[in-house]
């Protein structure tokens, strides 16, 4: 579905992504893990058109999409969330969701003047959809709150909620779990699995919570220093020496000595 | 081919004036950029703050002159400068207390502060004219030239003269000293570092025990000093007239932005870019060409890229072009 | 007309904005004339004239219009002395003065374009149109045998118009203009202009600007860099401050300024000095004359209205009649009251021609020993 | 404590927290429960109109945040917790801003705790990776030589290896006699090392107990720790 | 409620002017207030809706003014004969070489060769352009320079200049938007500021186009001249039946005529803007303003929307500029100053409340009212202060002489007070 070939993205002299090549299969939930600063978010940004690559190619279903602007990728069904929540802070949570569906009649200036009836009908449908999503994410009670006033975790949920407003082909989730309550994270995980199974969304998930990754993802890709380090099932990854050294570690050293 | 004369010609008409003007702009732009970096708004009242500081200095200079105090070849105004700075600092601190602080507490959007600073500009504008009037005021004394054009010609026997005014020398010298001091202050003193910290992350500065009001106050004092020094140097080199100071605002902003808002180094670079672009683009190269080319190839036309009508426009074209290729200015600035 | 009534006269000048440093003296001179008239017992049997000032801003047409609107319709002025800059003058004239039938006498709007504005006979000016000055300046250069000059002018209708007419006259007379470069007033730095002028070269630099504006900046820059040593100055450059500030360096520079021969100017100078006004400031004389003319024309018309003033303006200003100098306004009023005829000479030797403009005499001067020495009168 | 942001409605409806010297207390709870708000309330960054904040037996409710720093409290916020445009060393110096004594020793201790920071001491903190930034943030707070260190989700977005390291460090810090109050979503690991645990729900205490107790409580496990 | 109250207040202020000063003064303020309100709405569209920081309003207003000359003045045949066609030919050549450069830069790979070709093209194009342009310009400017010296206009009705002014501004905005919209707020600001200065510099210095600083006086009017009305017996009779003298009646008649025309324009624009603001389009714009990156990722074509709104807002300013020049009856490029035509408009938007159309309209009226009325206020204040002092007192003289400067001071104080008591503007965005 997505193929990345020898991708480079440099910041000044620094090689954030340094020749990454990987593939995300259609219908999979692919995990992307790696140490802080491995270049995962940068890779996402390049794929999603937010940053131009220094060199290399990205293909979607065999079509070269390298460097296309984000809104065109969105139209092709490629969606993403941000690691640091990018909410529309002065709009209400519901409006944050309602603005997502593309090509709304009322988004055309001319129509906004002369197509009031049609717009009103469309709005009604979009609002219902938004309310469903809010319900699903358990944040209905803040629907009319300004998104900027949400707590850190709620913002993350909103990020995810936006991708649920449209039919996507592939969704890139950048650390939806960071700062999200584990119980809720499990619910999110369920939702991802359901979207994957029922609607056939493909997911690529960056996450540091190995339980979450383990439950959802197959395969898992490990990145380090801007390159792919390993790929495989969660078990393969967990037992990979290199991965343990660079990323997973061996657990708490002092654990036993803590009194309680 | 007459390289020596060409060089002197260019030095006299391009380099010396542009370096002087550039230093004046740079000092002004430093003030604007500091406010922007630390208090996060574009201060439209800066031109009038400069006028105010200069006015106080002028008044004190006159008083000193009437007492017969003089520094010999150095302008008396330098002696009055500390008074000017002190009074101006008092004024801006008071303004901050009664005006800006309210919006800072409210965490108002920068554009609101910009408009508020326009209100302050109007008030200061009226205040200065109210006290000293709208006229030209002369307060320069001391030696006029370090070297005059005629002297230079006699000394070197060249066809072209080179003049350097005392005020020009003073301007550049002061600018260098002030900039060096400022850098040292920001990078190596505790207060300077706390200012940078505040500008970087206001809330975290609070959590580190930095007193924001103190940072703000210090910033205003430095800005007042920069504004007064810039204004006085400008006044010594040209003349003091409130309206011109108001008009200075535009090139000062241009300098600050071309260099990258919030970046002190950028402000300096920006000042020189603006000054040099104004002078060079509209320069008529005819005379230089006449020196450099054989006599029979001497040009008829002025060899002017653009008429001086467009001098101001040209400096803005340069500015726009710089921004298009380096969208945050020469030295990566901030953006609100 | 009973004793004790007052007539209001609007004085609309740019008290804020680019020429804010010139206007206070102009307004003071105008009020000097009115004081003199009031001291002589007012016009038309005891009507005192009261001045009402308003701000034309010099640059904001809409603001000036609003101010004039207020002067006329709210303060009820009978006539306007002003405005100053040609742009706002035009706006006030067409939008407010003509519709309301109010007479305007501008002391300083010199743009030739104003000559053809549909003014319904209501617009006059005491400053000569620039067309004539161009010829005067050109003649001066020819007399001195100067064949090549560089020109800089202030970039507004005054400067541009003057430079156009000067260059036309000078080139027709065989002179060569190496460069004709404008400068903006009130700017921070004039190095670029000076550099371009210097590179173009010329025996003298012709400066057609204002004495406390860009014109002065250019001269200072030229002197500092040694680009030019001699300057020819247009009328806007005339002023003691310039010589005082720049000192010896101005020695030998020369220029022309609208002038009245002897008496009128001298009379005005004495009066102005007494009143603490610089008699040689730009347009101070013209301002005095403008205000005096309006009052005298009303007196001649027998009615304190614009219509009366407009009808009599040319009569009062031009021959025949008894010559009136500054300080003799009382005498003039007496003559008029007795049904006599006057020829107002004033501080600038006023002579209104054609569409109500001053014909203008000019004084050629040269700066010697830090003072203006008259060379000749044209 | 009862309070809220600016003029908005109350977010906290009666929260009680307590940490003793050298203890680790952990706050957990659903998103938007008011955990961060409670932390900020303790630090005086919003209005608390009922209740009190007592530090070393002294009511500090009226003090400004700076004054609390001077009293010996340190805080690492959830986001924006470093000076991105300043070097690592300058970040640490800013932590010691209020100290008049020689802080070089504390700095050495911080470097011992987080060796990577010593390596990168002259680099801009903004150029570090997420995990390294967290270390800088904690280090900065330690520089104040606090008696109480408050951490808001220090391990969010940090890779497992760094997270383990951070927890290790926190334990070490606590051993030096510094009290720790922290919010965590990696609740299980956090509660494992906690002396006290608080579960906040909708701005109020829901469960309180030792870390082990809470971990053992099936209700807590199901609702807040993800089973 | 507050909206109605505040608008009522402004209406009262204007009414009060009418009663205490004169109806002419009141209507004069109303008319400029209407124009200011339209300009403020244009700026609000850009800033309040889309977060585009445009401080080049002056330039667009100026272009609107230029349009009035180009549309309504009679052509000058002698000037056209002297070099009119050559000038356009030169401009065409200039545009052609620029287009070629842009094309080359798009088609060729970056490198030394491309740079070389670019420079050669630029230099050659510029030289040819100057070669053609200079003599033609000189020839045109030689044609009766005191009164003409330019090509004149098309001699069409001046009302046509309003939409044309909008189009001209829109065209300029398109070019600017294409190049500069990628810049972030403050940098876009200075770019637009610079471009506005460039536009005004061109208007001041290209005499062949609209006489430059020599001004174009006597623009045709869409309404009859007052003096013609005064000479029209039937009008005088009608006026008398209202109990008005002909002068007052005629001036009021003309001003009212303008008021009606301006109000129609204002209402249409306001209506359309309110509709779009409260539609998904408005929501999308707010989203873009809040966070461009996220809006992009949500499939919105931010660049196009920005361009659209930049053009639209600028066109509104151009339209207002044309209306203003029509009202003035003359084009005087020297009067375009950023303080008056850019920053004062910004004050209107912010004091009114950015993001709120009604706020902009309110701000337009209110600030204009103050701008005009603080002048007598300042003088009055000074007289009050100096009342106790004896005549001849130096301080008193000084204070009275400085009265003119109280104008800006008062303006500043009033502004500060208003922003103090409602920092988000009088009618904040909901």
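We just call them A, B, C, D and E in the order they show up, numbering each chain from 1.
Criterion: a contact is a pair of C-beta atoms (placed from the backbone, for glycine too) under 8 Å apart; a residue touches a chain by one contact, two chains touch by 3 or more.
All values derive from a computational prediction rather than experimental measurement.
With contact taken as defined at the outset, subunit A and subunit C are each touched by E.
Chain centres here are C-alpha means, and the one lying farthest from subunit D is C.
Distance between Cα centroids is largest for the pairing of subunit A with C. If you average the CA atoms of subunit A and of subunit B, the two centres end up 48 Å from each other. Taking the mean of the C-alpha atoms as each chain's centre, subunit A and subunit E sit 46 Å apart.
Between the Cα centres of subunit C and subunit E there is a gap of 31 Å.
Counting partner chains per residue, subunit B has residues 129, 133-134, 307, 309, 312 touching two or more of them. Annotation for subunit A: no residues touch 2 or more other chains.
Contacts with at least two other chains are made by residues 16, 20, 24, 155, 182 of subunit C. Working note: touching chain pairs come out as A-D, A-E, B-C, B-D, B-E, C-E.
In the complex of the two chains, the subunit B residues touching subunit E come out as 42, 44, 99, 102-103, 106, 108, 111-112, 114-116, 118-127, 129-130, 133-134, 250, 253-254, 257-258, 261, 307, 309-310, 312-313, 316-317, 319-320, 323-324, 327-329, 333, 335-336. Within the complex formed with subunit E, the residues of subunit A that make contact are 48-50, 69-71, 74-75, 79-80, 82, 86-91, 95-96, 98-100, 102, 104-109, 111-113, 116, 119, 122-123, 162, 166. Every residue of subunit D that touches subunit B in the complex is listed here, in rising order: 43, 45, 65-66, 69-70, 74-75, 77, 80-86, 90, 93-95, 97-98, 140-141, 144. Those residues of subunit A lying in contact with subunit D across their complex are 14, 33-38, 83-84, 139, 142, 149-154, 156-157, 175, 178-186, 208-211, 246-255, 257-258, 260.
Those residues of subunit B whose C-beta lies close enough to touch subunit D in the complex are 190, 193-194, 196-197, 199-201, 203-211.
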